[in-house]
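Order as written gives the chain letters A, B, C, D and E; numbering starts at 1 within each chain.
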Amino acid sequence: MTALQRVFGRNAAYILIAPAALWLAVFFLFPILSLLTTSLSDPAGNPVTGYTLTWRVQNYVEALADYWPYLGRSLLYAGIATFFCLILGYVLAYAIAFKAGRFKTIMLVLVIAPFFTSFLVRTLSWKLILADNGWIVETLQSLNLLAEDGRLLATPVAVVAGLTYNFLPFMILPLYTSLEKIDPKLNEAAADLYANPVQRFWRVIWPLSLPGVVGGTLLTFIPATGDYINAELLGSPNTQMVGNRIQALFTTVGDYPHAAALSVILMAMIVAMVLYYVRKAGTEDLL
Amino acid sequence: MSLAEDARRDLRLAGLTKRYPNGFVAVKSLDLVIPQGSFFALLGPSGCGKTTTLRMVAGLEGPTAGTIHIGDTDITHEKPFKRPVNTVFQNYALFPHLTIAENVEFGPKRRGVKDTASQVKEILELTELTEQAAKKPAQLSGGQQQRVALARALINRPEVLLLDEPLGALDLKLRRAMQIELKRIQEEVGLTFVHVTHDQEEAMTMADTVAVMNEGRIEQLGTPYDLYTNPHTTFVANFLGRSNLVKGTVVGREGTGADAVVKVDMHGTVVTIKASRVHTESSEGWIGIRPEKVLIQPAGTPLDAPGNFFSGAVVSEASYMGVSTEYHLRMPWGQELICFEQNTGRRGGLVAVGTQVDVSWRPEFAFLLDSSQDAGAGIEEE
Amino acid sequence: MTRVGRWIGRHLALALGLLVLLYMYIPNFIVALMSFNDASQSRNLYQFQSFTWDNWLNPCAPLGMCESLRVSISIGLLATIVSTIIGTLAAFALVRHRFEGRSTANLMVFLPMATPEIVMGSSLLALFVAAGLGGQLGFWTILVAHIMFCISFVVVTVRSRLSGLDSNLEKAAMDLYANEWQTFWRVTFPLVFPGILAAALLAFSLSFDDFIITNFNAGQTVTFPMFVWGAAQRGVPMQVNVIGTLMFIAALTFVILGEVASRRRARGKVSAR
Amino acid sequence: TRGGGGTAGCVTTDLSSTEARLAISNWPEYIDEDDGDYLSTLSQFQEQTGIQVSYTPDVNDNSEFFARVRNQLGACQPTGRDMFMLTDWMAARMIDAGWIQQLDKANVPNLDANLISSLQGVGWDPNRDYSAPWQSGFTGIAYNKSLVGEVRTMDELLTRSDLKGKVTMLTEMRDTMGLLMLSNGADPANFSDDDWGAALEKLSKARADGQIRAFTGNEYINDLAAGNIAACVAWSGDVAAAEDENLVFLPPDEGMMIWSDNMLIPVQGMHKANAEKWIDFYYDPKIAAQLAAYVWYVCPVEGAREEMESIDPSLVDNPLIFPTDEYLAQTNGFMSLDEAKASGYERDFADVTG
Amino acid sequence: MSLAEDARRDLRLAGLTKRYPNGFVAVKSLDLVIPQGSFFALLGPSGCGKTTTLRMVAGLEGPTAGTIHIGDTDITHEKPFKRPVNTVFQNYALFPHLTIAENVEFGPKRRGVKDTASQVKEILELTELTEQAAKKPAQLSGGQQQRVALARALINRPEVLLLDEPLGALDLKLRRAMQIELKRIQEEVGLTFVHVTHDQEEAMTMADTVAVMNEGRIEQLGTPYDLYTNPHTTFVANFLGRSNLVKGTVVGREGTGADAVVKVDMHGTVVTIKASRVHTESSEGWIGIRPEKVLIQPAGTPLDAPGNFFSGAVVSEASYMGVSTEYHLRMPWGQELICFEQNTGRRGGLVAVGTQVDVSWRPEFAFLLDSSQDAGAGIEEE
């Protein structure tokens, strides 16, 4: 390849990525830079008069010291929810990709359609279903799966269930797209070579769907970690996630520097985990 | 059927039918017994249903009707991974995420074989893939990929091995070498091979039994020699090798039993054909003669051939083909006959186009086919 | 194995999948049910009280609700179109090209997902105000924000489809005189389409359902989730359930019509031959 | 102007004379709506004045609303609104920051004439130069009588075993902490850090015991009606307007909190005169009564009670709308706090609630 | 080079090299001129670099070094869609989302041809795919898919058509019919065809020029007849058809120019080989003789063959192959020679294994190769 061509080839990539890069640079990176400044400002200021940048790294230390349990809880809840999403999502994505025949598109839309009903309305419905004197709780109680005064709402179970439910489509769609392109002939070949359905799954389908698994887990885990609405609506004071703290620091407390510092910590942590995960999953290619 | 036969693990297809969802019937009520340990070749034109048949045997396609047995076991609805059957896929179907070695050891690993290393090494050597062991399928040439498909099935030594054009992408030399290997393995272990191929020479040299398939049905089944020398239909006559088919009128039938013969008038010459080689009841028929049985000699020079003799033919085309030359001869009655002549060098050059030649063949090699059949069956119209 | 056993075996995956789908619809059944609820006795109680057609007859009765729905749908559609296009382009760049700054670009793509919404919403607002747009907050600033957070989701979704796609088909197209543009539209796009469709659906649902970021940058504009959120403070009007159900029906009708049309087109083509 | 917000020079020309428009942000479900023959007060206002009102119910929470507009206000940019309604302490904060325009008293004669005496002379705006109460309300205890017996005190709420895990409190720090200080015998309108500490201690113990299920915004009312919670800290109008006979609102024995949501005109509100017409309109007792009959909050307008006779006589003696003096005697306001103090208390409170 | 030659649109590869990312060099500095309008066949064992070469010509793979010209135009870095070149892909590369008809009309549509219907109809008829027009590729059999690949490229009638085993999955009949079509189209329009095939007969009958490729290099290039009758290396001798290679010692060189001959001692018999058929300078060499040139006759019966004559050979193997029979003959010096004999029927049956036979061939057909080369080159070791 001549040098000229190389330059042109490279330009093609830049031209393709330019709109997204510009948009994100202006409307995301720029604001995030101001967030960084805030995170290093003196918390003695207030939202009315503003804050002065004093390069106060202490904010980070304090935020971490005060709120690390929330960070841990967020990662835990999001991790569990992602795991459940992966299982449920895989089942459905697999069914759509390989079993839905000509109803593929319809089923795909069916996956997303529930989310056209407002988030809050759905959550209200869940609360109705899981209510303390609703039939689910009462059934569980009569089966002794739940203590007599036990409940589902305002427990970690409810928060994780809420996260799982609300992020499910974010898992299903990437999974579906990469499952759908697997040649069914490969599954047949594996069957022909003595692989039972379980082996076929783990040896052929799963490795070939890894791009979707990685994509789906990212789309689920990342936003779930920063989420606070589920904990707010379905949880109790004991199930608050880091998002709730950031929210509180920003609005009611009005302590922007610590809120910003905590946000930056959260983001950094997620980025680090994602990089590690992607390395581990052997799909660096995707990043 | 005798007890001994029952105990054998023959592959038996009965009334096997496949209708695809779009309504097309690819295989039409196929009945076939493939004896255990035989090398069975399935021949037929493109799209006649060979792959579909194999896929049903492997369990990858559910039959619309009919049954599949191995010995006494009904495997019609058995799951593919529980069948003692392996397939070399026409389109390879290699696992793109696994290396060549991993592709090959896939089967043994699934059956719980612990130490596959030596087996893999051996089969990769056999298929000359040792150097490719660590590559991914996408990095291989077409022929190399095909050999991986072969190795991947072969390593399992299944009771029944289905080979769907396993050597099509290989050059002649390699193909011959692989043929010998296949044959050796098959005989050594007594496996049943069902082999789809477009290489007639391959089918001829390797198979115990050949079936010619056409439009979802078996047209004729027999040893390669039988099929070639005594085809029962114009389709088989034309599809397996080439044939000259000349119109003839039956003028009489004589003798009985093994001695029975039929006399046929062919453009003025009466030829005698053994009853076992006659496959028509009607009074008209196609007299078939293979091109390599047609002998020629420039008019006037002596022709060493006791038998039917025609003079007045003219060479209309001559093509050099390495081992032999193909001549087209325009006969006095206007038809063109084909003649192959080995380039032994005896003649010291080709017979030139336009030369008047005498033509002869030995009558015992002729066969008589039903005149209602299309003389062009099995030859693709241009 | 019996016939029944075989049938179950063959359809097990589908059955399980449908169960998951059913699970996703549990709240929607409640929503559909509630759309017939007569809540005039107790507005706060989100429970079925008595049956009525009223909500369906006057879906727009709650003040401002239908206007907010219109706003949300317009923003949703625009945000979906724009983010799907530029996100898809970016996915192509990231999967198909090795260029300097690629890992930076990758980081840029998933940082927005890692940013808590509240942070994103408020810092974006600060940017708009700094740019002197404080008074113009509304439709366009919401749109800009939505496009911004949808991009990442589109990139990740399309990328998981694109990676590992057989590039030989594109090469074959180029060999058959298709330039880059035609190759994209005639071959790549149809092959990646399921991924793009999935991404677009995700983008729409993200935009349509977003509350936090929108709330910051909406000015006085009210989107549907904002309306519902506000209304929920004292009891959701039952018409919200009607809208929820209608949206779902509309989506479904849309695909089914599209499917029918494309099938008819295909059939027309065949018979024309 | 007051405060140090630095927006002293941030004056707008009033476009009211040329533009008959008015943009208002208010809390949800805080105004009556047209319904069949019933003509809402808002429609009447538009008809009477010819002013086109863009009314948006987008204030859900004082702090959150503040976060949404503080950038614009601080930068002297329009928020797109000519008026919004905020609770006392937030109103004070904004006025203090210099973000609120002074009312032209000549334009709001009804306000001075009809504002009930209990709402006059508040510390943060003694002459009501900057604010006009929209509605007032009480914070007290609510319970579902189909589930539990009467809950009379905060101590009962925080300790009774039949309520365990079935109690919610408000995330509004001033409401929850106010009631807690009252139950400790402290005065929320004038308390010390020790008082604060003791109340917080009480709260945090209740939380640790699992007595408290959640800290909520307005949505507690659903859970209360649905039976997920049995008793809670609640706002008066919400419980009354819920029209559920099982739901009871009552002042705790030790007293309850009172608050108002106030109409404010931000500095960059460009239709000040129109906004003042609005204030004056709603201080007409007849209009005020009509509004009160719908929202069930305390009506700040003198003479509305008399007008109520003709609208809905059953509401005339409802203390939640027209509290008597002795009813008002058990109410308390919350001390005003400077930025630093407020932020510190909010942080303490948030640490317990989250 | 003359002006006239310059004006021609020959395809010229110079120093063409391809190194794959993993470091493997698949094509090694290839120099090749393929005259405009010629039918050029590229032969070689699996994995020797044929596909890689074609892909570089088509522009689907960037060369590591070297240039590609058509006439005077350097197309080395031209985009694929701007080259007047089309390819029939070895693995078909059909568009899975398009019907067969849409696949076929893809090229014309891209070039802005308005009414493609009649062209498509014609080419589908030619490739016998009319009935499949509305199907998707996944619904076709292997051979049908290959024909779509062929039709899809052919419809464009490009200046240069690259055919990568375009007929490998077709049965013999269909393959022959397609060969005739290909040849007709090529001659009619004067296109340049570069054809990779494993079917040697196909290469022989269709190509003007054949190049034999081995390990990324061209071993020999010439007309099919030249290559077959006068191979220059043991690789070509073995790869193209089969050869008997017998050790011989050069005992003298005589004559000059066209009359020059070399005398070689072969196990006691001195044979004379024309200098133009001698490809070694050393004193030792491999005497090559094609199996079809080897004539046999049971010992004692007269053998009609003036030339080299050996007695004392024994038939060690005989395989019937339809048109002819392959015999293995154990020579007195222990080597096995191969002999083909056409089944003319003249002999009235095969020569039985174990029969003592006399062997002869005409010396003018022998060739002499370098003894340093491996006699087994081009034959795959087993």
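Note that in this section a residue touches a chain if its C-beta (ideal position, glycine included) is under 8 Å from a C-beta of that chain, and two chains touch if they have at least 3 such contacts.
Treat the numbers as computed from the prediction; the structure is a model and nothing was measured.
Under the contact definition, chain A and chain E share the contacting chains B, C. Each step here moves to a touching chain, and the least such steps from chain D to chain E number 2. Among the remaining chains, the Cα-based centre furthest from that of chain E is the centre of D. Centre to centre, using the average C-alpha position, chain B and chain E are separated by 23 Å.
Averaging Cα coordinates per chain places chain A and chain D 37 Å apart. Taking the mean of the C-alpha atoms as each chain's centre, chain B and chain D sit 93 Å apart. Distance between chain B and chain C, defined via averaged C-alpha coordinates, is recorded as 57 Å. Listed for chain B are residues 91, 96, each touching two or more other chains.
Along chain A, residues 124, 127-128, 208, 250-251 each make contact with two or more other chains.
Counting partner chains per residue, chain D shows two or more touched chains at residues 64, 67, 219, 222, 226. Contact residues of chain E toward chain C in the complex are 58-60, 79-81, 85-87, 89, 91, 93-97, 99, 101, 106-107, 110-111, 133-134, 152-153, 156.
Of all residues in chain A, those touching chain C in their complex are 9-10, 12-14, 16-17, 19-21, 23-25, 27-32, 34-35, 88-89, 91-92, 94-96, 98-100, 102, 104-129, 165, 168-170, 173-174, 176-178, 180-181, 208, 211-212, 214-216, 218-219, 222-223, 225-226, 228-229, 242-243, 246-247, 250-251, 259-260, 263, 266-267, 270-271, 274, 285-287.
Partner chain A is touched in their complex by these residues of chain D: 4-5, 61, 63-64, 66-67, 70, 74, 93, 96-97, 164-166, 171, 173, 207, 212-215, 219, 222-223, 226-228, 339-340, 342-343, 346-347, 349-350, 352-354.
Within the complex formed with chain A, the chain C residues making contact are 11, 13-14, 16-21, 23-28, 30-31, 34, 46-47, 85-87, 89-90, 92-94, 96-100, 102-103, 105-120, 122-124, 126-127, 130, 144-145, 147-148, 151, 153, 155-161, 163-165, 191, 194-195, 197-199, 201-202, 204-205, 208-209, 211-212, 224-225, 228-229, 232, 236, 240-241, 244-245, 247-248, 251-252, 254-256, 258-259. Partner chain D is touched in their complex by these residues of chain A: 44, 46-50, 70, 124, 127-128, 131-133, 149, 151, 153-154, 233, 235-238, 240, 244-245, 248-255.
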